[in-house]
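Pasting the structures in now, so scroll down.
You will see two complexes here that share subunit A, one where it goes with subunit B and one where it goes with subunit C.
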Partner chain A sequence: MKFTKLTALAVTTALVAPAAFAQEMTIVSWGGAYSKSQKNAYHDPYSEKTGVTIINDDSSAEAVAKLRAMNEAGNVTWDVVDVVAADAIRLCDEGLAMEIDPDTMLAPAPDGTSAADDFGDLLVSDCFIPQIVYSTTFGYRTDLVGDTPPTEICAVFDTEAYPGKRSLEKRPINNMEWALLCDGVAKDDVYDVLATPEGQDQALAKLDTIKDDVIWWSAGADTPQLLADGEIVMGSTYNGRLFSVIEEQKQPVAMLWDAQVFDLDGWIIPAGLSEERQKQALDYIMFATDTQRLADQAKWISYGPARASSAPLVGKHADLGIDMAPHMPTDPNNAKNTFLYNYEFWADYRDDIDAKFQAWLAK
Partner chain B sequence: MTDTTSDGPMLAADGTPLKKSLARALRLQKMRALMLIAPLLLFVLFSFIIPIFSMLSRSVENDIVADTLPLTVVELQAWNADSGELPDEAVYAAFVADMVVAIEAKKHTRLGTRLNYEQTGMSSLFRKSGRKIKRMDPATDGPFKEALIDVDKKWGDVETWRVIKTHSPRITNGYFLNAVDMRRTPEGAQAQPEDKQILVKLFGRTLIMSLIITGSCILLGYPVAWILANLPMRTANVLMILVLLPFWTSLLVRTSAWKVMLQQQGVINEVLVWLGMVADDARLVMINNQTGTIIAMTHILLPFMILPMYSVMQTINPSYLRAAKSMGATNWTAFWRVYFPLSIPGIGAGSILVFILAIGYYITPEIVGGTKGVFISNRIAYHISSSLNWGLAAALGTILLAVVLILYWAYDKIVGIDNVKLG
Partner chain C sequence: MAALTPISRKPMSLVLPTVAASGGLLGLFVGTANGSGFLGIIIGAAIVTALAALYIFALKNEQMAKWISLAVFLVLGFIFGGLPGAILGVIAGWFFHWFTYWMYEGRYRQHLLPYLTPGQVLWHYGFRVICGAIFVFLITPILVVMPLSFNAQDFFTFTPEMLRLDPAGYSLKHYEDFFTNNEWQRSFKNSLIIAPIATIISVSLGTLAAIGLSQSHVPGRRAIMAIMISPMIVPLIISATGMFFFYSDIGNWLEGTLGLPKTFVGYVKVILAHAVLGIPFVIITVTATLVGFDRSLTRAAANMGADPVTTFFRVQMPLILPGVISGGLFAFITSFDEVVVVLFVGSASQKTLPWQMFTGLREQISPTILAVATILVVISIALLTTVELLRRRSERLRGMSPG
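Up next, the complex of A and B:
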């Protein structure tokens, strides 16, 4: 009798235990306005619903290296990590992120469309859950470009019409594509040309024409700062950063959406979590990437939600009260001429072209 | 009685030989001393020395190819990489068998990343082929040569197999070759193509700029340390705070402050234009180049120069200078022949500190260095955090460490390390 009682107790505990989650989870992201938008749209509602405390860690910039180190040490302390798609592919290749099955692990759209269809092509890696679409594009000082503000990408290479410094990211990705595009290569041929040594030389030769006029940035905040100081006439950065310079800080800056490069940012769950923590992380992901939650994030930052079903739900900015749709990189007016970051190409060519690019920079 | 004691060993009070007893007492003392430093010793060992060596060992370690493709590597032994012929069916069959196991363990993409450092395209070759090879059965689906070439025509390219064979040994010099702008090929070490050579140049630049920074720290720091050492204690303490204040400020804040000062729309240029010393359209370029790095790093490292100089100068007796002058020396002679030689240990200590810190700096060059003012450490950081090529990063780090040790040895030979005084 006693024995059965004990067994019954053990069974009930075993049944109840998985439902009782750990009370804390560590979510890694980029910090600043971006983390704030996630806190407002995802973390706070989730904490309210489940009672789980969410700890923010602003380490996304070094996430790949840190996850690899944690994995080798056998002690992964992160539960959910926000990374760009290229890093997610790298983490998946290295076996550092867990594979996601969109049909069972992600919420379907309200109309019943499966998550796999709702995210569509944006599921670029088996381990990646897309969250936002952002773009790398140019902003320019409206007071430094005279009466003819630039309308197309090649203005960046036209130092006669638009004298002054420009800022470009200190890496080959995007810059090489823009250079080829402005050197007469058709958009569809850009990656075929860039795959050849001659094409790489051609792109570098084009960049050479403005090399003396370029300030190279490595942090996303650099270009907005340089624009605000009047140090540059135009510069590339993430569209959300430009939005905050233009709409929140009211600087005389405007967007040049032409040839913007779309990129994705989203979640991965590290490989090697305990079963309980993995369950918790999946529960969070299921909640935070549903249609409404993704649309909510756009109230605080001008990045487009990654689900097709979220787009119609995008409303007004929570503090400024302006319509967010026209500020989304995916808005039809902004997306007349766009690139999508070519993940496969750059996974292969990044090491090679980066070495050439850095050698060219140091020349 | 007296005879035995004078002949035999001298005994301690408890009857044991004195030598033994003394040795035991000393050993106890040593043990006690060791126990006292044991926590620090263990801490340094586990948190510093072991991690450094395990990191450095990655510069030659290359287990991944032989571990992921064990059968293929054995079969490839027999294949002549210079023959221009593709390997035979046995290699392909072994490869499929290895891949099926590797795909199960999700290790094939990792190998693709590793080989992509050597040959562009390997990353997607392994990722894409993995999806198709997964469905093959190594026991029944042969022959595999045609099948693999069908999966991706790169498996029919001799170069692909040459790369796998070249990088299959468990210990490799490949990373070190890459670190000095060379590469490992079946024909031996060869120079990288010219448009990819950058690392040797960066090593040279790092050394030269660190020397310039050390030099400018000596020039700026010496007078300051001299004034501090010769002022009354009260005033010196107040001024010392001015030296230490930047020392206590965050590195990033100080570097960013230099950005505000030096940029073309920055404080210095604005003042010069306002004074009419510089034309508005010819503002000075003082940042995002070597000048920017040298200015900012000299400022940041200056306290490391001033502090040892100051503590050495404080110990120089002022009456030496008075004695020199009383014997007819001019101010300059008294300084140059008497004071300066006595202050050299401080310069030596400061220089070693500043130089070694400068050689490994990376945040400041990254922020203010532009393209011509970046150091080798910026490439190390890139390979650690972005490209994940930790082997190359380790090789670069090992070379940097070796350079520092060689310079330290040279310094010891020329100046003598016992001439260095930190206080």
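Up next, the complex of A and C:
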């Protein structure tokens, strides 16, 4: 008797429960202020327009590994994934991301320019829909650098003029370039030198001079925390994180834009979605990467929109009311000396140099 | 007995070095915070020794010595650390005064057996100091997050305002963020959905398994028991990887063949996985309670004409209830605190509180995590207190003294 009652209850629950769940999309991103800017600029307006509930999954850091596992298990639970360009290239090569045709799947600019022309060179992979240009650059504690604040990248390697700890990302990319640049290699030759074993040793030898003073970070939030603690005098991180530390949290920190490294971040749609979910994902992408939406995102975070047509529309910060243009990494005043993440070079050399770098770290 | 131990004044050759060592220890902390640990040790030892010599040779008045000690350390604390420093200084002053006289008058032998050798006395107190230190190392990391969760800033940093005990340095905004932020609320709700259902499943299955396995005629019950509690022993990451592939297939079948919606299936998967993790705790606690269960009661019930189901609910269940409940609490906490399995098996719509804390810690280091941690610590303490009270009750019922 009791059993039949329980079974009946279970069956009713199973039948009633599905109706309680509305249409949902899972969008994967980086979390923190970045996800917040996407929520404000893309997710909320999209939900309002279509009634689709958007669920954030802050798993972009392990997107490649997780997508592989999901694909293997035949159980892809993500609809749209935010990844850096290098990851998008890998996912595209492995067939884990869907190819995008910019002309039919992305919105043209308001003046009629096709999406392919509007994004231009930033379409670095067939599967990748660029969203923002960000940079990895340095911030320093204004109260710990004395009367001569650093103005150029080599201050990072100058422990005499700027004593104290610095934080660098726990990977060779960017650090090797900066080391060579400060070891007298001309900017145009950096990648030629870095391609040789001697050049790699030269970069590591330069990093060796400050190794005892380096705190290695792996999450974007580490350097802001260390700067706020005053535990480091300067540190590299994403420029948007530094903007938040300086303008929103009002910490005594300033930007060192010199030799910043541009990188791209954007969307991919996982391969192997059901037709219905793929249609939904494409509909979202069409909406979220149009000219106005990309410009809107800059109201919440200081990353440059990837469309040429969005740049003139960048306005003021939503809460602080300050002009966002001077805080963009692409602003002419900030972009006097810049690198662009060298996707080809790092695709070819990453495994080798990674191994060398890790061995050097462990020494 | 022990109060009869005669005490006598101790020679200066014992008192002064001991007192100096304790002063040096404090000096080490203050000195390290101010630049030089070595200098701190020397100055700390010198100050405390000088005070001790002053009390013993010149002052000879314990009450007066106490006030001098308090005043000196109050001032020193204030110089080094402002208001909080002064408070700590008063505590240190009281301690050094007490410690000096405790050593000098030989009071440390007062409550010990008279025939103990100096070595045994030293071990007696050394043991207590070691236990105290272990306790401090266990509890400090938990306690230190609590004040930080009231930080007015968005960093894990004790700001100067906080150290001055300035109200402006404190705020409830991280608690407010927890209660108003959609992501946190969604994950909190998910935890509140997943944990209780998983607990109910674990408790029902675990109790049945424990009762079955406690019957002596079940073949291979040791092997079955070992398999049942294996989720507790196998490293979680391995269970989680296996569960990911296992539940992926089940999930695909539920979605594809039965046409159930994705989100609902997601909950089913996480709940089942958590139930599996919780079952060993229930089996172990219920098995332990069953040891004290008098089997003749079930025979008596059968004798009176009750069928096994009635016997279970009317006779056996009430008696083993404390074991069932404490097992259930462990199962609940397991599910409520679990992050690895849910990361693998769940998708974002099943994001639980620990998952949200995990990603939040990695991506943004927001003190909201500390606020949540504080809330969870309070909940955990409440649950464990309940377990302990139930345990005492069950021991009382069985006529044992609580211990």
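Convention: the second predicted complex is superposed on the first by the 341 of 363 C-alpha atoms of A that agree within 3 Å, B and C clash if a C-alpha of one lies under 4 Å from a C-alpha of the other, contacts with A are read in each partner's own complex, and residues count from 1 in each chain.
Quick note on the criterion: contacts are C-beta pairs under 8 Å (C-beta built on N, C-alpha and C of every residue); 3 or more make two chains touch, one makes a residue touch a chain.
Computed from a prediction, not measured in an experiment: that's the story for all the values here.
With everything superposed onto subunit A, say whether subunit B and subunit C fit together or clash.
clash
Using the touch definition from the top, say if A:26 reaches subunit B (first), subunit C (second), both or neither.
second
Looking at the overlay, what does A:355 touch: subunit B (first), subunit C (second), both, or neither?
A:355: touches subunit B, not subunit C.
Tell me the contact category for A:57 with respect to subunit B and subunit C: first, second, both or neither.
second
Check the residue A:320 against both partner chains and state whether it touches subunit B (first), subunit C (second), both, or neither.
Neither subunit B nor subunit C is touched by A:320.
In the superposed arrangement, does A:68 touch subunit B (first), subunit C (second), both or neither?
First partner only, subunit B.
If you stack the two complexes on chain A, which partner ends up touching A:93: first (subunit B), second (subunit C), both, or neither?
After superposition on chain A, A:93 lies in contact with subunit B alone.
Considering only touches as defined above, state whether A:249 meets subunit B (first), subunit C (second), both or neither.
second
Answer with first, second, both or neither: which of subunit B and subunit C does A:229 touch in the superposed model?
After superposing on A, A:229 lies in contact with both subunit B and subunit C.
Both subunit B and subunit C contact which residues of subunit A?
Residues 61, 229 of subunit A touch both subunit B and subunit C.
Which stretch or stretches of subunit A touch subunit B in the complex?
Per the touch definition, subunit A meets subunit B at residues 61-62, 64-65, 68, 90, 92-95, 165, 170, 201, 215-216, 218, 229-231, 344, 347-352, 354-356, 358-362.
Can you name the residues of subunit C that touch subunit A in the complex?
Where subunit C meets subunit A, its residues are 153-157, 183, 244-245, 248-249, 251-252, 260-264, 266, 347-349, 351, 359-360, 362-366.
Could you pull out which subunit B residues touch subunit A in their complex?
Subunit B reaches subunit A through residues 106-107, 109-110, 112-113, 116-117, 120-124, 127, 192, 195-198, 201-202, 263-266, 288, 366, 370-372, 374, 379, 382, 384-389.
Please give the residue numbers of subunit A that touch subunit C in the complex, ascending.
14, 17-18, 21, 24, 26, 28, 30-33, 55-59, 61, 69, 73-75, 77-78, 219-222, 224-225, 228-229, 249
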